[in-house]
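Alright, structures below, take your time with them.
Okay, so chain A shows up in both of these, paired with chain B first and chain C after.
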Partner chain A sequence: MKIDLKKVGAWFDDRLALTPIFKYMTKKEVPQHSHSIWYYTGSSILLFLMIQIVTGIMLALYYKPTLEGATASIGRIMTELPLGWLVRSIHSWSATFMIAFVMVHLLAIWFTKSYRKPREATWMTGMMLLVVSMVFGFTGYLLPWDDLSLSATKVGTNIPAAIPVVGKWVTQFLRGGDDVTGDTLTRFFLFHVCILPLVIFAILVVHILLVQKEGMSVPLKDEIAKKKVPALPFWPNFILREVIIWMVLLGTLLTLALVFAPSLGLPADLMAPAPEGVKPEWYFLFLFQTLKIFPANMGPVTGEFVAVVLILLAVVAIFFLPFLDNKPDKKKGKIFTWLGVLGVIYAIVFSIWSLL
Partner chain B sequence: MRIDNAYFTRRKFLNSLLGGWLGTLAVTFISPIVKFVWPPYKEPDEVKLAFADYSGMKTGEVKNFPWGNKPGLLRRAEDGSFIAWVGVCTHLDCNVSWMPDKKKFFCACHEGWYDENGTNVAGPPPKPLRRLETAVEGEDFFVRKPVPGAKA
Partner chain C sequence: MRAIRFIILVAFAALVLSPLTAAAQAPAVPDAKAKAKLETELSKTTAAPQEAKPEVKPAAPAVPAAKKPIKKEVVRTEPIVPAFSGIKEQTAVYVFYAWLWLSIVILIYFLRLWVKEADRVYKAKYYEPEESPLKDHPLPPCLGD
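Right after this comes the complex of A and B.
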């Protein structure tokens, strides 16, 4: 029997109403100007997210989220399963790349001020995605359950406890009790593979729809001058360029994953003293160093409390940045650009300082 | 519709009644979920150890013991008595270790130091190590949480 593909296509189109989507894709245009390169950071994040999903599912086939089995199961993945060490290495490296690109994406939008009206909500959902990505990293870091990851988790989950009243409650929720135990590991696994994926998809859908709704932002000076910016068709021209960038990134990722595979320490012992050189993942280093420099007590409160409140205020301020920076073309806008530069310098200096 | 001299309409009254009822129903469903998610696992009020394991400790010597899911620290004082602490840093909860050559407790996470009496002397720890009480009863060695209000 001969199947008429056109008829099959029409049948689906009739039921799913796909034509408007295809029409939109062929009509969509991407502006071309000296800052166009930053448009590609978004799709690069999607590439790494897809790699995380595939390698994450592969790892979860053999990983055991229990006190007794966690470290050994990763050992097994790395030594017994065909190319298991590479799957874990790619998962670990792709996480690093994803967070790095999220940060570049955020900074590019900060410095081009693309969050200005009407794209405030896009920025805010983006900030949520950054926080969720970092929680992904934080929960994933515990899963190997070696002594470094245990100490980092004890510190990380104890930080909310510095906030009066609700803090203790948050810490107990994260740990599944007063202390970090095997229950914490099971919980973190659940967050990492079930709850966070649902959350990230929900926010991501809104984020991407908002980007489609408003279209790509053009540089501020062109917008003010009402200059017509040349544009590139999304399909196939822009997609083709994206694919080239994806290939380059994929090659870099695979090379790094092949050469620098992550190590696996001895299983964590809840009773053992904290090892020397406890470090969180690189993207938490500047926060780690910030916590370290505050004195034990500052008047009536602990230094830790002051540090946590300052960090939370900074996050909230960045979340509402489009509303604070509401005159992007005026002198006030320049101040926010420089605050962004200061923030980057602060993060870099504190990260390096924490490694010394 | 409002009855004469009534504070609110009949619709408002019925809506509040229904809303309150639905709210109560929601709480009945949610409260057991919350109880399940926040488990009742607390640290122990006391642990029972075998005294024979610790009676041979020399003056100034420090040994670990399991205090629930975290380590406890035990030091033999000059007068032969025992001093016990919860072995986690008061800064951010890392397990501390005894440095015999310096006669100090050390937390490697953020370089916190405590002297041999558990007092925070350097680094970020805001408070001394948490003290526990000890008691020898026959062959058993008890380590307990101090009674609140009583002097440790």
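Right after this comes the complex of A and C.
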């Protein structure tokens, strides 16, 4: 039987209205200038997200989110299943790459002032994606249920307790009780594989739609000068360049996952004291060190409370950055650029300090 | 020409994906040898006291087999370090990685040709009708003048 591919295509086109999408793809343009390289970070994040989903599903086939089964199942994945340790390593490295690229993407937007009108909502959804990605990392860190992950989660889930009124409730909600137990593991697993993926996809769809609606931003000076910025068609010129970058990133990711595969620590013991040198994932190190430098008591309140409030204020300020920096071409804009530079230096210095 | 390039690209993509699909179809336990090794190790840990006294072992085959020792949960005292299950797996993985990077290099070579061609077509404004808003559009710096 001969299948008429044109008819099949027309059938799908009738139902899914694909023609306007393809037409849009061929008409869509990407501005080309000295900062165009940063446009590629956005699509790279999608690549890592896809890798996360695929490897995450493979791991979830064998993982057991119970006190007895968690570390044993990861041990089984690493020792019994063919290349299970490599799949786990790819999942772990892909998470690192994804969060690193989200951060680079956000910083690129910050320094090129691309969050300016009319792209405020795009920035805000991007910030939400960063926070959700970090929560993904936090919930995933506990799942191996080894001594380090247990201690790091105890520290991490205790931080919200410093917030007045709701703090203790938040900690109890995260832990599923007063302490980190098997219930915490179950709900972290649920968050990691069910709730957070739904949340990230919902925000991602809005983010991508906003990017398509507003188009990609041009450099600020060109916009002020009302200069016509040169552009490349999205299809095929830009997408082919993206594929080249994806290839290199994929090869780098797989190589790093092979050479620096993570090991699995000793099974967590709820009664044992916290082991020495408990450290969170690299993207939480500067926050961890910030909490450590504050003294135990600062007048009527605890040092932890002051640190948590300052961190929350910083996050809220960054979230509303497009409204705070509403004159990006003026002196105010330069101040915010320098604040961003200081923030990056602060995060790097404090992360290194935390490791020493 | 485009069709030939497309076919070459598809062929390479299939080559890249074929080991992945093969790995997905592989059994959960690599082979019988590895399984036997695993069982031996397990029996060593659980039945160590019996093995220490060889004289207790039944001498004649007529004696009914001794009761299997109850499997005790072994508490792990060492971290699990990721490692290949054998030289066969190690070789396979290294060969796969060499082949992967070779594929990436070749694919990038072809993709660069494709990019050049797409840029040339765009520069020549081949697909743009007379009334297109892109007609007098400035060319990106990467395309030159």
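Quick note on the criterion: the second predicted complex is superposed on the first by the 356 of 356 C-alpha atoms of A that agree within 3 Å, B and C clash if a C-alpha of one lies under 4 Å from a C-alpha of the other, contacts with A are read in each partner's own complex, and residues count from 1 in each chain.
One rule holds in what follows: a contact is a pair of C-beta atoms (placed from the backbone, for glycine too) under 8 Å apart; a residue touches a chain by one contact, two chains touch by 3 or more.
The shown structure was predicted, so the numbers you read here are calculated from the model rather than taken from an experiment.
Enquirer: Considering only touches as defined above, state whether A:Ala274 meets chain B (first), chain C (second), both or neither.
Expert: After superposition on chain A, A:Ala274 lies in contact with chain B alone.
Enquirer: Name the contact category of A:Trp85: first (chain B only), second (chain C only), both, or neither.
Expert: Only chain C; A:Trp85 stays clear of chain B.
Enquirer: Determine, under the contact definition given at the top, whether A:Gly75 touches first (chain B), second (chain C), both, or neither.
Expert: After superposing on A, A:Gly75 lies in contact with chain C but is clear of chain B.
Enquirer: Is A:Leu266 touching anything from chain B or chain C once the two structures are fitted on A? First, second, both or neither.
Expert: Touch status of A:Leu266: second partner only.
Enquirer: Using the superposition on chain A described above, determine whether A:Ile244 touches chain B (first), chain C (second), both, or neither.
Expert: Touch partner of A:Ile244: chain C, not chain B.
Enquirer: Between chain B and chain C, whom does A:Pro230 touch in the aligned arrangement: first, second, both, or neither?
Expert: second
Enquirer: If you stack the two complexes on chain A, which partner ends up touching A:Leu324: first (chain B), second (chain C), both, or neither?
Expert: It touches nothing on chain B or chain C.
Enquirer: Tell me the contact category for A:Gln32 with respect to chain B and chain C: first, second, both or neither.
Expert: The second partner, chain C, only.
Enquirer: Counting contacts the way the document defines them, which residues of chain A are shared by the two interfaces, the one with chain B and the one with chain C?
Expert: none
Enquirer: What part of chain A is in contact with chain B in the complex they form?
Expert: 151, 154-155, 157-159, 169, 172-173, 176-181, 183, 270-278, 291-292, 294-297, 302-304
Enquirer: Contact residues on chain A for chain C in the complex?
Expert: For chain A paired with chain C, touching residues are 29, 32-33, 71, 75, 78-83, 85-86, 88-89, 146, 228-233, 236-237, 240-241, 243-244, 247-248, 250-251, 254-255, 258, 261-267.
Enquirer: Applying the document's contact rule, which stretches of chain C touch chain A when the two form their complex?
Expert: It comes out as residues 23, 26-30, 38, 75-83, 85, 89, 93, 97, 100-101, 104, 107-108, 111-112, 114-115, 118-119, 122, 134, 137-143.
Enquirer: Which chain B residues qualify as touching chain A in the complex?
Expert: 37-39, 41-43, 64, 66, 68-71, 87, 89, 91-97, 106-110, 120, 123-126
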